[in-house]
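The following blocks contain the structures, represented as structure tokens.
Below, chain A partners chain B and then partners chain C, in two separate complexes.
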Partner chain A sequence: MSGLEDMGGPERAPQSPRGAPRRFLAPAILVTLVALVPLVYPQPFVITLLVFVGIYIIVCTGLSLIFGYAGQLSLTQAAFYGIGAYTSALLTTRLDVSFWLGLVAAGLLPGIVAALIGAPILRLRHYYLAMATLAFSEIMVVVFIQEVDITGGPTGITHVPSPSVLGLSLHTSTRYYYLVWTIAVLVVAFSYNLIRSKFGRALRAISDNEVAASAMGVDVARMTSLMFVLSAIYAGIGGALYAHYISFVSPDTFSVSLSILLVIMVAVGGVQSLWGAVLGAIFITVLPSLLGAYQQYAMLVYGLILVLVLMFMPQGIAGVGSALVGRLRRPRGAAATAEATR
Partner chain B sequence: MSPEQIVQFLVSGVTVGSIYGLVALGFTLVFNATGIINFAQGQFVMLGGLLATTFTNTLAWPLPAAVVTAILLTAVIGAAIEVVAIHPMRHRPVFTLIMITLGVSIILESAALLLWGHDPIFLPSFSGDQPLPFFGATLQPQMLWVLGVAVLAMMALQFFYRRTRLGQAMLACSINADAAASMGIDPRRIVLLAFVLAAALGALGGVLVAPIASTSYQVGLLMALKGFAAAIVGGMGSSLGAVIGGLALGVVESLGTGVVSSGYKDGIALGVLVVFLILRPQGLLGERP
Partner chain C sequence: MGLALEEVTKAFEGLMAVSNLSFVVRPAAITALIGPNGAGKTTTFNLISGLLRPSAGRIRFDGQDLARLQPHQVCRAGIGRSFQTPQTFGQMTVLENVMVAAQVRTRATFLGVGLRLPRGVREERRIRELALAQLEFLDLVSLAERPAGTLPLGQQRLVELARALATEPRLLLLDEPVAGLNQAEVGGLREVLLRIRERGIAVLLVEHNMRFVLRTADHVVVLNHGQKLAEGSAAEIARDPRVVAAYLGRAWEA
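The block that comes next holds the complex of A and B.
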């Protein structure tokens, strides 16, 4: 946790005596951890679980951008996830397009759809935006089921091929794990740098106070709409990674429940930072396997956790984490100051 | 479409539209009292229907007792939701309130799945299943029950608003809560009452429609979306609008099903919602703010 906290704010990036920026330390540790996990826990069910964690981290990072940074609630990510999954599945099975081209298309098409629907829908606020995005998610489920010629209807598309890199087939879970997590790390790193940029500060200003941000010359509509498009691209990439891992797509995967579940991940993890999305994706994805024999209670537990977290820890898991770290640090900091004054 | 088919689609549209109207009235009640859109509103429809099936099918109660108990029990659940989850959170940001009501919706839905299972369940019809001829179309007797009871409920609500002290107090609160409070009206009671009434109206819709369309643990969320669509089409906050919006949505959905395909039924209703939100968020009856 203390490693994560090092990346918490631009003002806190102290240089170590040798001049190597300490802020590279935490990412390096995290990436090493990600790389080592399959060696320490090679059990298939652990790897499968972690593949899903990685996919949801990609999707939730996008949700965190539109939600925590641009301040708009999108309950439609499952639709983009589904469009991405179908795009890549169709291109690779019917047109023999390579996985990589399919992945690019799976990001682009949801991005285009988001740009088209974003312009009118994002003018809505609060309850209306939530309902409109929820409705769009449900409409896409109907389309997936009904457009049988394209989507295969209720049965969906089967035999989606597993990808290969430089001739190395990624058909095993462990190899696929490295693919998914490489993309997840890239997505988080890109998003992290984005929100630390001038662009990100403008975004933060929007979620803090839209009117004030607008008065300071921030083009609120354009920024929000760009984040919506980016979140759709991430969701589409996540969907394609899902399709090629499971090797089939069918409409019930992309239900409104998934849209809601993704928002729960971000809300439970904490909307105030990207790490909230990451922690939420990990926590909610791993939770059912912790329930053991009581897995059928998973949705009930999700609902209860969501309500309890909103009531008693509105900053989410990440908020509690950073509060704890803050408390651990303060005495040390105070001592250092005291020493300096002496 | 033949004229008979059009009549048939109109009849089923008005029937299902009455249910949407009842759900929309529930949205309206809670919205007027609190400014909150309760995403769990559709779950009251699910609860009413499923509770009634348990009382009749499992416990073999007489239908009237089962229906009334189911509605009362759902109303109590509505009150409990207000007390436990909404009241303590009422000053939180809108996002939190949306997520809270979504959370409540998930809890109710997954609890219903555990209690009643996956399969759709029918409630017995209120007065037999002998179809009645109606201008070349056929009418199920239950459709008359839906229409009749829905109209009665809406009239009772109007009577409540206009003729009772509590109803007047509720109306006053929705117009100006602060002024109402300074006149000695307790807003806490009004909000609680709004949730109770909204839950009861939803449950009423649930027991009315369950003999025709069956019910299952997962009908709630879609019902919430369509009831909300009805409220938006009619103009959010207006009781008359909720009723008209519900009927209009039901008819458009039903006729649209005839024109396009039955598979697109839900898509049509939700498409109407999105179009209205974008082009005419104040609804048919509302004025542009």
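The block that comes next holds the complex of A and C.
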């Protein structure tokens, strides 16, 4: 559980003299869990659900960087997700490019688009930024539908191939699960390193006091646009993984409602931490299947949960989790502080 | 060399906050900017540090024109600053506050940092060392892990000073550094400023505490209604009848 608290917020993890083994403990446990789950729950239904959980973790981690850490609400992640899905689907079906090259392109293209549109729209703040990103999302949906020659229009692109690794085809859900979760773990680890570094510090300084941050040499505009670009890259990678999993891409998947669902995931999980994005993605993706016969009310339940979370636990699931862990560990709190001082 | 304001004017919708102001801040000297409330002192600070753009005139720092730079660029050019009401990062610890400033000239890319490449790790260690050195200089090490927002005013001012020093400036702008400090703290800060001057760093401070200014500053610039009323050594200023009439007399008695 120590990892929960360590990653559960902007606060730094203890760095004890025995820090090296401890630093790897939480990640090691997580990776083991991820590796074991398909062995314990081999049902295709569960694996499929977990593939989607992994994809949403990748996308939500990016949203957490721009929304939670840089404090800018983006309602356009679904558009980047769509650009990534179409890029990889088109490259692999029309140009016979390998999946891996397609995946790289699926990350790069949304990143470039984000850098281009970020320059003008990230000057906006708060609701204005949300509206601008929403508008871009709508524009992309229109592009996906209207550019029939490229995107296949409303019917989309079919027969998107399954990838293979070193000759091993990943056409089964279990194999695909390992691909998606390997990438998800790498994305979370990369992002975790970022927020624990000077970049995370600069982002927290910006959200704490923007004027003081810039007077201390923090380039606020650059930091924000960096996080926006990174969130777009993650969304694009997620989109490509989605396309090659269901082997089919069509415009309605990438509507604004997906962007909003992603925001709900991050908000419910907790905007203040990467763990929040991970927990939110798991919770919201798994929820409909827990509703059983009442699945058609999923949107209603999401809305209700979002309202309750915002009212009663603004730090989200991760916030409650780290508060609980903090309470359990309080007797050792003094020691942890002493270690952190080092 | 040093900082030079050349006929700087700042008008806010017709109101002349600063008008045709010229003065020089020499390297490794303490210069004080004084004047009654509303004389344009803080506006001048904000013009220098890039928060405001002059309506006319030039601000040069070691030959570079600052007028078009943004605040973070001014900081990188070698000017650190504090604020009239302390603007620490309240949610962050004292050490983290100073580390934000200490990382200003680091170069590791986000790719290298995300992958934990050695350069980023080394850099992070250097950032921490540089920040800790400032805390030691100002005797703040014992507060390193305290959230800055929980500290009393006097200590927050010191945190701001540590933060400004961590950017490794050649010029330090301090906006009312001793306001709200007790007698002992004022004395301590004076010692600190003299040591900062010894390190070759120029200091420009805005201050109302005349006793402090006349004892500490090498050079004093007096503003009144956005214009320069007088400038000279502390002794000259204390004797200048215009300054005494406009400002000092009242402040001395207060």
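As a working rule, the second predicted complex is superposed on the first by the 312 of 342 C-alpha atoms of A that agree within 3 Å, B and C clash if a C-alpha of one lies under 4 Å from a C-alpha of the other, contacts with A are read in each partner's own complex, and residues count from 1 in each chain.
Note that contacts are C-beta pairs under 8 Å (C-beta built on N, C-alpha and C of every residue); 3 or more make two chains touch, one makes a residue touch a chain.
Bear in mind the structure is a predicted one, so any value in this text is a computation, not a measurement.
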A:146 touches, of chain B and chain C: first, second, both or neither? first
Contacts of A:217 with chain B and chain C, given as first, second, both or neither: second
Touching partner for A:120 - first (chain B), second (chain C), both, neither: first
First (chain B), second (chain C), both or neither touched by A:282: neither
First, second, both or neither for A:258, with chain B first and chain C second: neither
Between chain B and chain C, more extensive residue contact with chain A: B
Which of chain B and chain C A:297 touches, first, second, both or neither: first
Chain B versus chain C as contact partner of A:241, first or second or both or neither: neither
Partner chain in contact with A:78 - chain B first, chain C second, else both or neither: neither
Touched partner set for A:47, first chain B, second chain C, both or neither: neither
Set intersection of chain A contacts, chain C complex versus chain B complex: none
Chain C - residues contacting chain A, complex: 49, 51, 70-72, 74-76, 80-81, 83, 87-92, 96-97, 99-101, 103-106, 108, 110, 113-116, 120, 123-124, 127, 144-145, 163-164, 167
Interfacial residue positions of chain A with respect to chain B in the complex: 73, 120-121, 123-124, 126-128, 130-132, 134-136, 138-139, 142-143, 145-146, 256, 260, 263-264, 267, 271, 296-297, 299-300, 302-304, 306-307, 310-311, 314
Chain B residues touching chain A - in the complex, by the definition given at the top: 36-37, 39, 85, 88-89, 92, 94-96, 98-100, 102-107, 109-111, 113-114, 221-222, 225, 228-229, 232, 261, 263-264, 266-267, 270-271, 273-274, 277-278, 281
Of all residues in chain A, those that touch chain C in their complex: 10, 12, 190-191, 193-194, 197-199, 201-202, 204-205, 208-209, 211-220, 226, 230, 337, 340-341
